[in-house]
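What follows is subunit A paired twice: with subunit B in the first complex and subunit C in the second.
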Partner chain A sequence: MAGISLHNVGKSYGSVEVIPDLSMEIISGEFLVFLGPSGCGKSTLLRMIAGLEELSNGEILIDGTRVDALPPGQRGVAMVFQHYALYPHMTVRDNMAFGLRNIGMSAGEIDRKIADAARILEMDHLLARKPSQLSGGQRQRVAIGRAIVKEPKAFLFDEPLSNLDAALRSRTRIELARLHQQVKATMIFVTHDQVEAMTMASRIAIMNQGRIEQVGTPLEVYRRPRTRFVAGFIGTPAMNILTVRLLGEDKGGAVVALPGGQRVETRVPISGLASSATLELGVRAEHVTTGGGIDGRAEVVERLGDRTFVYARLPDGALVVYEDAGDSTVSVGDPVALGFNPAQVHLFDSAGIGHHAA
Partner chain B sequence: MVLGRGVKKLDLVDMLLLAALVGLAIVWVAPIVWVIGLAFKPNDVLMRTTGGIFAPPFTGKNFRDILATSAVFGWMLNSFIVAIGQTFLTLAISTLAGYGFARTDFPGKRIAFILVIAGLAVPEQAIIVPLHTMFAEAHLHNTYFGLIAPRLAFPFGVFLMYQYFKGVPREIEEAAMLDNASRLKIFFRVVLPLTVPAQATLGIYTFLHAWNEYFWPLVSATKPEMYTLTIGLAATQTNFAQTEGIGFLMAQAVFAGLPILILYLFFQRHIVTAVAGGAGK
Partner chain C sequence: MSAPSQARPVRVARRDADAVGRRTAWNALFIAPYMLAFLVLLVVPLGLGMWLSFQDYDMLAGYGGPVGWENYERLLGDRIFLGSVRNTIWFVIISVPAFVGLGLFLALLLNDDSRKSSFFRSIFFGSSVLSVTIVTLVWRLVYMPDRGLLQNIAGMFGLTAPNFMTTEALALPGIAIVTVWWIIGLPMMLFLAALQQIPKEVYEAAALDNASRWRVLVSITLPAIRRTIVLVAVIEVILQFQLFGQANLITNGGPNNASRPIVMFIYEAGFRDWMLGYAAAASQILFVLMLGAAMLQMWIGRQKDGG
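Entry: the complex of A and B
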């Protein structure tokens, strides 16, 4: 178990800058998820921590020791790859033993560690098989087992669930969360799937174009997105974003107007907003209320059983999604009157920085 | 068209194809059957006629004569040494070069690879004279090294292995790096075992080619004790008057073909791949 420090880490491929300058602290024992769209640099960052990519600048410390000049095998980390990367010609047992033999561990100790890992992952019956004789889920387990036996300072996961079907993915998510509680090691997990991030992470680091947009607990990033990018990336359906105009202040919160002129009250302090050239309002579907003064017309109705998402078109052309009851009677084409819960409205300035209710 | 139990009936096109294939197979097999048949006939009978190979009398004398007198064992040994030497060295060189080109970076790699690939376009005949001169000056003719060396620089083998290494997921090597394995260990313990199918293909292709090679041994092996099988058999056939008769000649041919037949029985699947892969060369 160890903390990991990234100091001014950068990575360029020729003239292409993938990660310009990134610093952050990964707390010992936490489950940190790097979340972001494809090409945002999250896998590159993980590979730099693992030692599979060289740094263009900056330094990486694991447990206080600088490791960026060390080869991957000497950094004390274990990695689970997206495509498992098991050695196809070795049995499961040999796959798990390979790394231990390389550090000169005794055969008895290796057997004990493999037995422990196999028990934790319930895969004793697979030890004599080759990877080709395993299902996708079983291979994933072996890949995790291969990491566990090394008792690393940190586990690195590179989108390890993306090749599993939906049911298995959800089960493996739970198993990984349980494993984290069991082994209490630092785990860094890279994914583009926000459900994985929200369900497993102690903290999420949301990345965009090689930069960290926000680091926080799942609820922090959901409830108080630091930037407009985070607001749009986290949450399904995505947060409603509407262009607005600042009217003034009322009861300590900014008052804005939609393009159609409808007035919207917020609890967002006005300081720092007046100087912004443009403003955007963000509100989640569950914080849009019915019976307000914003008229629209239902365009799409998504019935999920326990709740219904209604996509309503406003007269100015904007589309607003709101959450209705599971037995909602709204049909396509029906007129709807909407309002926004002032305490849950966010405003984003022209730099994309979020301002929230105090 | 699939033949076997519980399979669909053959339609007309299938039957025509099948008939054509059977016809071609007969054309191909007939001379071999004829050679085998003649090998079991007495030479005095063959002096009169080479027809009627399926009718008695038959004899095993031709094969007994080979065991007793022929130089074919010596030639066969030479062929074995040359073919096996060439196979192992080609495998070693092609594998290392293929891995180098596929996985490592070094200055001039691109140009070196283009040069190797360009080697595919140079026919053996085009370089035979300089090769002969070079080996003559180095006094390497009539040596095993002289017979083996020219084909070791084998662009097709390098290219085959390069392609195969490219196909091995890089993640597997990275996993081994994280498992604290050295570069050599990764190559020998992790990557090399994954290329066994390509090694088998290249090995068999090289062995067959070396076993059947005629042109270079004809140039390089001028002393009868250094003849390979192909040169030895050709020498006896072109000097028919001095042989022990046509039955004996045919028995030698059958005898010479046996190792390849045995090889084929054991490595049938890989030979098909090797021939299919080598067809584009």
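Entry: the complex of A and C
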């Protein structure tokens, strides 16, 4: 178990600045997920922690010890790669033993560790096989096993589930969460998939263009997105974002108007909003109610069984998605009347910063 | 209404069957140019050579009819021929490991995308395009006793350079050095191509696993390119058994036949002494030697595959 500190970490490839200046504390024993769109610098950051990429700026500490000048093997971290990176000419057993032999561990101890890991991952029957004789899911297990036997201070995962099919992915998610409870090590997990982040993370760090937009528990980032980017990135379907105009204040909350003139009440304190040149309103599908004063017409109806998502076109051209019951009778072309739950409406100022109900 | 639509699939199926038949016939035509060249330039000469090796065919004395194994029996008693077999095998034994070892070493050294590496890759490969005449001319200037580059360099340190062209024991190693210098580019390129197939992530995993450079080479790189090592060895065995030009131009087989290879013996028997049957028999022996060596290499390669 070890905390990891990133102090003003920066990375440039030539003149291309991938990570400008990033600082954060990863708490000992937590499951931290770096979440962000592809190309935002997640892998680069993870690889800098692992020692596979040099820092252009800043420092990295593991357990209070500076590691950014140490070679990868001496940082006490283990990494699970996206394409597994198993040694193709070695058996599963040798794949797991390789790192232990290299540090001169005795054969007896190596055997014991491999047996333990194989038991945890239920893969005793695979030990004599070569990677080419394994399925994608089994290779994934071996890659995780290879990390476990090293008993690292921290596990680093770089999109390890992205090559698995949907069923296997959700099963592996559960297993990783269970593994985290079992080994109680710090785990850093990189993904572009918000479902993976939401389901496994103790905390999520949402990244955008090499910067951290917000760090928080899954519910924090879902309920109180710090920026418009986070609001748009977290949640399926994506949060509705509408351009609005500030009208005034009522009952301690800002009142805004949609482009079509419809009045929307919120519980967002007005302080700090008036100076913003533009304003955007954000509301999730489950917080859009039917029977309000905003008229629209159903354009697309998505029936998921337990609930229905209806995409309604407002007269001003904006598209609003709302959640309806599973047995909703709405069909395409029907007129709908919508309202927004004032306590769940967010406002984003011209700097993209979110303002939420107090 | 239903009758025509039912008849259609049957007609389609029949037409397909016809098309398949026609396609095969046409395909044969497409490979015909190659087949023709293959037959006329390879299979026929090969068969002709075999036939010739059992004939008494002397261009000066005329055709003397079939003689059975007589040519082969004479060869086994011919000290110059046996010497050339020994020379050739010795040349293969010293040059092939050098090609494999040095080719791999250069490839490992130059396997990155720095400008320096790409410059040296071009340099090492560049000499392969030179003709044997130019290469041997250059190296004769290096090896020349008294005034050669080698002697000049050695002279600066007050030493005497070994004389590769006139010392019996050094003639073949000297030719091997020239040959390696000349065409080390091909093995190097083959190894580079193989090295580039190894995923970078595997090396990164090894770095996280505390593997030393030596461990990485032995446990990851070499197993990954094992097939290419066998391939290079087989190619070089086949090429180096056919040593001719360098030996002909640098030492002319001397001193005292110490660097006379089989191909040179065949050339002299056939085109200087005009004993075509005799030369053909020597060619068959060379063919069997090459075939045997290549098969042995591939067999060794397969043995390791199991482990």
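As a working rule, the second predicted complex is superposed on the first by the 358 of 358 C-alpha atoms of A that agree within 3 Å, B and C clash if a C-alpha of one lies under 4 Å from a C-alpha of the other, contacts with A are read in each partner's own complex, and residues count from 1 in each chain.
Following the convention adopted for this analysis, contacts are C-beta pairs under 8 Å (C-beta built on N, C-alpha and C of every residue); 3 or more make two chains touch, one makes a residue touch a chain.
Model, not experiment: these values are computed from the prediction.
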Report clash or fit for the pair subunit B and subunit C bound to subunit A in the combined superposed model. clash
First, second, both or neither for A:Ile103, with subunit B first and subunit C second: both
Subunit B versus subunit C as contact partner of A:Ala238, first or second or both or neither: neither
Once the structures are superposed on A, label A:Leu246 by its partner contacts, choosing first (subunit B), second (subunit C), both or neither. neither
Mind working out whether A:Ala257 is in touch with subunit B, subunit C, both or neither, as first, second, both or neither? neither
Pick one for A:Ala50: touches subunit B only (first), subunit C only (second), both, or neither. both
Shared subunit A surface residues [contacts with subunit B and with subunit C]: 50-52, 71-74, 77-79, 81-83, 85-89, 98-99, 102-103, 146, 150
Could you please specify the touching residues of subunit A with respect to subunit B in the complex? 50-52, 71-74, 77-79, 81-83, 85-89, 98-99, 102-103, 146, 150
Residue ranges of subunit C touching subunit A (in the complex, touch as defined): 199, 201-202, 204-212, 215, 219-220, 223-224
Residue ranges of subunit A touching subunit C (in the complex, touch as defined): 50-52, 71-74, 77-79, 81-83, 85-90, 98-99, 102-103, 146, 150
Complex contact set, residues of subunit B against subunit A: 169, 171-172, 174-181, 185, 189-190, 193-194
